[in-house]
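In what follows, subunit A forms one complex with subunit B and a second complex with subunit C.
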Partner chain A sequence: MGTLLRVRNLITSFNTSEGQVVAVNGVDIDIKEGRVLGVVGESGCGKSVTSLSIMRLLPKSNGIIAAGIIEYNGQDIVQLSEAEMRNIRGNEIAMIFQEPMTALNPVLPVGEQIGEALEIHQSLTLKSRENRLRCIELLKMVGIPRAEEIVDEYPHQLSGGMRQRVMIAIALSCHPRLLIADEPTTALDVTIQAQVLDLIRQLKKQLGMAIMFITHDLGVIAEMADDVIVMYAGKIVEEADTYTLFTNPRHPYTQGLLASRPDKMKRDEKLHCIRGMVPSPLDMPPGCAFAPRCDHCLPACYQAMPRLKDIEPNHRIRCWLAEQGCNN
Partner chain B sequence: MRTFLIRRALLMIPVVLGISIIIFALIHLAPGDPFTHMIEADPNVTTEDYENLLRSVGYYDPLPLKYVKWVGQLLRGNIGHSISYREPVADLIGRRLSNTLLLAIPALCLSTIIAVPLGVISATRQYSIFDYIVTIIAFIGISIPAFFFALLLVKYIAFDLKLFPISGLSTIKSGFTGIRLVFDKLHHMALPITVLTFVQVAGRMRYTRSAMLEVVRQDYIRTARAKGLSERTVIYKHALRNALIPIVTILSVSLGRLLSGAVLTENVFNWPGMGTMVYKAIANRDYPVVMAGTMVLALTMLLANILADILYAFVDPRIRY
Partner chain C sequence: MGVPISQTNRRLEQGLSPWSIALTRLKRNRMALIALGVLIFLVLIAIFAPFITPYSRDEITMENKFQPPGNGHLLGTDDLGRDVFTRLIYGSRASLSVGLVATSISMILGVTLGAIAGYYGGMADNIIMRIVDIFMCFPFFLMAIVMAAILGPSIYTVMAVSGFLSWPILARIVRAEILSIKEREFIEAARALGLKSADIIVSHILPNTLAVIIVYVTLGIAGGILGEAGLSYLGLGVKQPQPSWGNMLAAAQSFRSLIKHPWLWVPPGILIFITVLSINIFGDGLRDALDPKLKR
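Right, the complex of A and B next:
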């Protein structure tokens, strides 16, 4: 299967009043046609910024892709003009966002918000009969009952789960080949979360697109992803297929994350946690960013950042333990 | 919507009643009486005659009785007879209000047409040279008193350059008819409208700018961009429609304020509108005109607020009455 998206050495930074903040620092990503890549990490590790960089939707005032290439279908989209990029957005690469309550425009009926995408990418004139029928069809596809009526309703008349379904309908309206889902279920309650995940999985099977699934919920990753990237402080620290990552995590950070999951078998025990806090991007420690929180820290960890190293086929970690051949 | 309007209309009754009491009370707190200016200086009128005159118009009635008399007349549709203009107040206000509208409506439309696009462009190009220039102009517009700006125009454009008439509603005794009369009117309207427009553009443009800046940060703007919509559609459809919600509110309020007549501007240009009328009526102790005038202004303010509520429901689908 061909590689749909190939990101190399992506560096994204923000100009803030306190100086330049590098939010994503040298990330490499490969997404193959029809595969689901999970991206995990705590808040502020650069997951969302990575996805916004791929969409080229960084805040115009201060966000810049400082270096790197983002190849979609063999074409570097960092170099594309804004007009060419608009052709890809919503058409080839679509995105669903975290907050369904605020991600839809409150003053436009949902049908119009879906129809807009159809108008620009599939030349179905907004307000035309075909456009409307297609919107209703899409709403039915994402499992919205009474689609003929909902199409004329406004976002505030729908529940959070319904709104997220509408978001998915917008994203999938033009059959994108890559769907970026940025924490699509985080803001939903658990039962709705399960329904939305089911829906995404089923639609993936039906439409065959690749998905980049961003979340901080390891349970969701286990359910959805084929491959996983673990990010920490703007860098990838571990990369493997989902089974390997869950059964044989090698980076101390991944191990810590997996150990921190609440386990229903051990009811009365204290929850495990990773000590310390994520370092501020304005004040990164030299060397490995995770070193101050790491239980297996070596002197080398404070000196320099290790590289992302293959430790077995399709399994790479960024850790001095691997560099020095230790088996932790 | 209908029940909402009925409820609002019913709610207006106690408000109007309250306003009438306040206006009545304030006017009676002020010193002087209706004849002060008319006959005080006349040596032929004796104090006794003067007292009799006052008694005959009910000046010495107890306040509550006066109030009841006044309201009773109002309810019968008689809003009084002007002391200084010597004609029914209703006729006077009708004429003055239409003169004020002649300035207010064009100024409101013009300033909105100018201010909203400027605000939008200013917001989408925040901190650009364009933004700074517009901000400076707005700053001048907000800081400069309307009457001073009006005087500048009168001095330089009307008096020195003689491009526009200095004051008034139309050229006196010109005998213009038809299209020439219209042009003459427009010619006289130009400067006062310029002043009112400029003063309003400043505030409204800043308001639009901040409303837009607030809206473009919202998630749904990112969603719109993620669909691949052009920047124009994102700004003028998705963002502006949301920014219009607060803009519409202040528009309706400023409509109310404009109808109350821009007192200073009207005075500088000697424009016979509501503002000059009330101002002169106060100076002349013309109680019927002051009371009726202020009542009309209060009512237009109330109606403007209801208009704001109605427009609100139009621009924001989340609001249903």
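Right, the complex of A and C next:
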């Protein structure tokens, strides 16, 4: 299978009043056709900024892709003009947002918001019969009952789960080959979460698109992803297929994350947590960003940032422990 | 077992578009409805003026001058023997059309420039907002008088002057609204779909500011009518023989008419008062109806 998206050494930074903040620092990503890549990490680790960089939707005023290539289908989209990029957005790469409550326009009926994408990318005039039929078909595809009526309803008339289904319908309206789902279930309650995940998985099978699934929920990753990237402070710290990552995590941060899950806890046991805080992006330690919080810290950790090193086929970690050949 | 009324009401609102919700809420506001009725009545009078009065607008009969109300002249006659009632209802045409046209000018300018400034920000914003600041420094009447003096008094001058002097406020309001709306997630979602900036402004942002614009525009019409009255009163607006409420009020400039002929200036004064009051009450009602935060 071919590589659909190839990101190399992506560096995205923001100009803020306190100085330049590097939010994504040298990230490499490969997404193969039809595969699901999970991206995990805590808030502020650069997951969402990575996805916005791929869509080229960084805030114009201060966000810049400082370096790197983002190759979609063999074409570097960092170099594309805004007009060429608009052709890719929604058509080739679509996005599902985190908050279904705010990601739909409150004053437009949902049908119009789906139809809009069809109008731009498939030249079906908005409010035409075919456009409307397509919208209803899409709503049915995402499992919305009474699609013929819902198409004329406004977002405030729908529940959170329904709205997220509408968002998915909008994203899939033009059959994108890559879907970026930025925490699509975080704002939903647990039962709805399961339904929406089921839907995404089923639609993926049906339409054969690749998905970049961003979340901080390891349970969701275990269920959805084929491969996983763990990010910390703007860098990838571990990369493996899902099974390997969950059975044999090698980076101390990943190990900490997995140990912090509440599911295997006994009653009255204290929840494991990773001590300390994520360092401020304005004040990164010189060596490994995780070193101050790490239990296996070596002197080298404070000196320089380790490379992302292959330790097994398809399993790479960024850690001095691996560099120096110790096994933890 | 009956369903409580409040619950059925809520369910009714659930199934409606934002506009029909606003309409239902407006219908519950009796003052606003009365005001709307008055305004519709005035507009109808202005449109059907020739059918309402037997006299023609500028018909001069010198022997009948300064007739008090009665004797076939409902509101008496003026210094040239013209029927005051006739001139009053023809005058509503001038006053109302000045209000409408002036507000349209200020709406087109204000919304376009405000939207550009708010959405694009940066240079465009800076330039437009400095122009707004400059315009806001001009005292309205002084500017209006100077412009009317240069362009010559006519109804079109009044329209242009009120229109071009009142857009900056609307531009500021629209800009502020857009600044907050463009940061909302659905705008980002629209961009992620590949929409052009112009499409995003027209189909996603402006519909969200419509409520504010409608309310401001309604109130702006009242401002236009008052501006017309003021300028025409000073003889810089609508020119005789065309009547307007403002230039009819000018009769009060003569001390003799002020004391002895109140039928010349009381009726236009009352009409201006009623019209502006109705517009303001209706505008307030609209604001309450369109404000989603006041969900009752």
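Annotations
Going forward, the second predicted complex is superposed on the first by the 326 of 328 C-alpha atoms of A that agree within 3 Å, B and C clash if a C-alpha of one lies under 4 Å from a C-alpha of the other, contacts with A are read in each partner's own complex, and residues count from 1 in each chain.
Please note the rule applied: contacts are C-beta pairs under 8 Å (C-beta built on N, C-alpha and C of every residue); 3 or more make two chains touch, one makes a residue touch a chain.
Keep in mind it's a predicted model, so treat the numbers as computed, not measured.
When both complexes are overlaid on subunit A, subunit B and subunit C end up clashing with each other.
Legend: residue contacts after superposition of the two complexes on their common chain; A:202 is shown touching neither subunit B nor subunit C.
Of the two partner chains placed by the overlay, neither subunit B nor subunit C lies in contact with A:159. After overlaying the two complexes on the shared chain, residue contacts for A:104 are found with subunit B and with subunit C alike.
With both structures placed on the common chain, the touch criterion links A:248 to neither subunit B nor subunit C. When both complexes are overlaid on chain A, the residue A:121 reaches subunit B and subunit C alike.
In the superposition on chain A, contact is made by A:91 with both subunit B and subunit C.
The clash between subunit B and subunit C in the superposition falls on 146-154, which is one of the stretches 20-28, 38-46 or 146-154.
Residues 55, 57, 61, 86-91, 94-95, 97, 99, 102-109, 116-117, 120-121, 154, 156, 167, 170 of subunit A lie in contact with subunit B in one complex and with subunit C in the other.
Within the complex formed with subunit A, the subunit C residues making contact are 14-15, 17-18, 121-122, 184-186, 188-196, 199, 203-204, 207-208, 210. The part of subunit A that touches subunit C in the complex is made up of residues 55, 57, 61, 85-91, 94-95, 97-99, 102-109, 116-117, 120-121, 154, 156-157, 167, 170. Of all residues in subunit B, those touching subunit A in their complex are 126, 218-220, 222-231, 233, 238, 241-242, 245, 315-318. Residues of subunit A touching subunit B in their complex: 55, 57, 61, 82, 86-91, 94-95, 97, 99, 102-109, 113, 116-117, 120-121, 154, 156, 167, 170.
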